[in-house]
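Each of the next two complexes has subunit A plus one more chain, namely subunit B in the first and subunit C in the second.
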Partner chain A sequence: MRRWQLASFVLFFGLWELAGRWPVSPAFPPFSNTFLALVEMTRDGTLGKAYLITAQPLALGIVLCAVAGIAFGIGMGLSRAIEWLSLPVFIILQAAPMAAIIPLLTYMYGIGLTSKVLAVIMLAAPVIVMNSYKGIRNTPPSLLQMCRSFQGTRVQEVVKIVLPHAAALVFTGLRLGLAMGFIGIVIAELLITPTGIGDLISYHGSTADYPKMFATIASIVAVAAISLHLLQRLELRLFPRD
Partner chain B sequence: MTEAIVEVKGIGKTYDSGVEALRDVNLSFPKGQLSTLLGPSGCGKTTLLKIIAGLLPRNAGQVLVKGKPVDGPGPERAFVFQDFALLPWADVLRNVAFGLELRGTPRPEREEVARKYIAEVGLKGFEHRYPAQLSGGMRQRVGLARALTVNAEIILMDEPFSSVDEQTRRKFQEDLLDLLRHHQKTVIFVTHSIEEAAYLSDQIALLSPRPGRVSKIVRPDVDHSRSPDEIRRDRGYLDTVDEIWGMLRQYV
Partner chain C sequence: MKKFVAAVAVLALSSGIATAQTKIKYALGDVLGIDDLPLLAAAERAKKRGVEVEITSFKNEDIATQAVINGQADVGQGTPYAALEKVNVPIRFFVQLWSLQFFPVVANEHYKGWKDLDGQEIAVQGRGSGTEAIMLLMAKEHGIKYKSISYVPGSQVRALAMLKGNIRATILDSTNKNFLLKEGGSKFTVLPLGNVKASDEALFARLDWLQKNQAAVEVFVEELVRVNREINKDPNSMVAVRKQLGLLKDLPAKLDEEIPTYFKEGVAGGIFPNDGGGENAAKNDLEFYALSGSIKKENPKIEDFWHLAPLKAALSKLK
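Moving on to the complex of A and B:
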């Protein structure tokens, strides 16, 4: 299995190298040049600095979503009134093309940290809220009947059955929320004001330093993929599937 | 005939969808005996059992437990679910002790009781396994042990063997008979299997479909003190199976 995964990477990077040397386009650097650019940017600290800047609104947004979004989703799952009021909003938000809304944030909140945190929240919150809500709502009816048949109270029902049952889906929501957060922060850094990773991408693009531009893009893809994969492994360990 | 511990009088149930599940059902369940609700699918037998358990509201009639009307679940009744209703994140010990946990029994005490019943249903050594690691038959033994821990006089069982394979079912039925007679429980049992009803029951209530009504009460002439193999070859047992089939075939 591992051998085939490795082979798949070798094949992909090999094709990339060939396509770059052909060349497909003058703006498409081969893999080797991109890799060297990545090493150089890592060594001189430009990448590290950029990630420190990008990580702030991302982390802030995800933490806010984790606290408020999970609480809100659980509230929606437990109370018909909250569900009735807010479910349509989140269903629409999940379907809305967020990139169209992000320029609005700039008008309202300027170009600072607030706008970027809000961009992350707008992308990550719907999936976090909806997963928490579904986790609560999908409690098997027979478990609830079982609790009632032993004269369990509503509080016991929520604490001992509904919440533990929802935990796995809440965690899945957090992981998917982080995936959306990565999208949100990169869009925000490209559309609002160039900072961090978004700045490196647009700067090297505008000075036609394509290996560095590609290296930055590849690095953010890798960082997102690896952190999501690690979270998924943690999830499987915490909540083993039946 | 022994006194009735549970009586249902004039029970009617119509679901919100407009389906009339039960109409004017009158039955009494003798103390210390095993009574079966038997009928084709859709005859409302599970609905009736859940009304007796207090898990479903009824539209008409009364449920009396020891002569007193009841409107919800109570400590004298324990339910065994068709789909087992076990907590997947809890091990066997916690699942079996869960009824007592909900009642606020301190942990050492409830675990001691749970261990006793885990051994009685034949699951000793499996205390720290999780439901996903058990077979269907073992999961239902957990469900039965949980119902026994709360020391209810009346055990309500909703098709407990329907998700259990045939070989396991026979063994389980035999164990169930032993266990329940030993503890002198009153059992109300829902099934669609004629053989299961004839083999286990002191009293069988046949329900007709849509809306469910009691069409006949059969008291099988079977000596339950005999061995399982003798019972399955017994004249009275075979006659009961034939008699019930004769009545049920009109609904099929």
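Moving on to the complex of A and C:
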């Protein structure tokens, strides 16, 4: 970590400490109390157990999106008919305020795992599909022309040129999809039924244990940020930028 | 003549002070429903006496409680004992609106009585909620242990989940129990409940605010107690009061008939206190919420959770 990066963290946590001690509000704990609460919750296993519960719908949703979403995006990129049928749906889904739509899932799919997986899919799928689709569509025409001039078949064109070229954008889609998945699962756990991380946030909020509530929120932000950062590094290694 | 003019001026000024509007910002952690009719009636009558009660609906009780803690609202409604115990701002309850009246319901297909719930999954409102406390208390009483407890906020959501078969045993408020029995008929059974007397909804505020605004609080409390007494005298009274004061005008017509049913059931269950709850309610609450785990402190004292001065003053005027 570079020195200025460390300094920005120190500054942020310092300001947080000051704001908590001032205090900005009786419900805003200083950074030190939040950090101690985080240590306590990690030690007694509360956070670990909550993450195990939260991870299930998140992982299921992302895996389903990765398999079906990428296939769908590629299909949209390769076939005008699929594109014509599905593109508007994904554009609308990208623009729709999901926090308003997610509670509707409970009316259709109840309050269990299905609704939460669907919440993750609803947020992650549009990003994954659209990136895969754009990856296919952005194949340089000159490469396609070259393939055709060498009498390459359509299958060769797709397998040897279109897909390898789209891979980087597909991977970016997956990374951004995971980011949206984190948002989806937290919204679902707060709006549908409080389980896992959502339960810890709402329970500690309702019992005014604000350091623990903030610690839980900070931990999910950190987990999401670290996961995405690691995926970004993997992406750079797999698909180095020119 | 001068004396007369001065006397008239003093009289005018003092009457002006008496009718000066005092606003109470009231945080309700729910949307307004039939059960809020007594509150709305009391607020409307308090307004006529110079105390305006501005009711704002929040998404849930937690947010309403936070609004009071942060000073954005003056009065909150609910029973956030755990929050009050932990938060570093002195907040006190000052009147009980009604005591707990919940109905444990099970799907007949799977369970017939309390004993059948041994080792089974149940759903309640939330962790540390009154509904969870009741179910735990009953488990203790019947010598059973649940397999797991799911937290499903909203009686209406749980009633719908029961109808869809997503959950098989839960606990509902009166309105949703009636809705479930109406829709599901003989598919569901209401399990018998022991005598639970703790508050379901009580009003709380910051102690400094209560002390500073005791006169306004007294007027509001007086009206709340008066409405409860009217309901206990005649459970149908709310129908006429609603019409007279123009309350809950947007209520769907099909819910109209549920008003007398709700209040009759409440009066039969003795949930509306004629005396604002007072010390008795405080004692019952401390016992119940300590048992439920909301209050962690050993031997909690009434004065740490309740401020009874405005209620006592209001009651003395009502006698």
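To be clear about the criterion, the second predicted complex is superposed on the first by the 241 of 242 C-alpha atoms of A that agree within 3 Å, B and C clash if a C-alpha of one lies under 4 Å from a C-alpha of the other, contacts with A are read in each partner's own complex, and residues count from 1 in each chain.
Convention: a residue touches a chain if its C-beta (ideal position, glycine included) is under 8 Å from a C-beta of that chain, and two chains touch if they have at least 3 such contacts.
Here the structure is a predicted model, which means the values were calculated and not measured.
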For this session: Applying the touch criterion given at the start, work out whether A:Gly112 contacts subunit B, subunit C, both or neither, answering first, second, both or neither.
Result: second
For this session: Using the touch definition from the top, say if A:Gln5 reaches subunit B (first), subunit C (second), both or neither.
Result: neither
Exercise. Given the touch rule stated above, what does A:Asp209 touch, subunit B (first), subunit C (second), both, or neither?
Worked result: second
For this session: In the overlay, answer first, second, both or neither for which of subunit B and subunit C A:Ser25 touches.
Result: second
For this session: State which residues of subunit A lie in both footprints, the one left by subunit B and the one left by subunit C.
Result: none
For this session: In the complex, go through subunit A and note every residue touching subunit C.
Result: 25-27, 106-107, 110-112, 193-195, 199, 202-203, 205-209
Problem set entry | Sites on subunit B touched by subunit A in the complex | 50, 53-55, 72-75, 77-79, 81-83, 85, 87-89, 98-99, 101-103, 132, 150
Exercise. In their complex, what parts of subunit A are in touch with subunit B?
Worked result: 140, 142-143, 145-152, 156, 160-161, 164-165, 240, 242
Exercise. What does subunit C use to touch subunit A in their complex?
Worked result: 61-62, 65-66, 69-70, 80, 82-89, 126-128, 150-153, 157, 160-161, 164, 166-167, 294
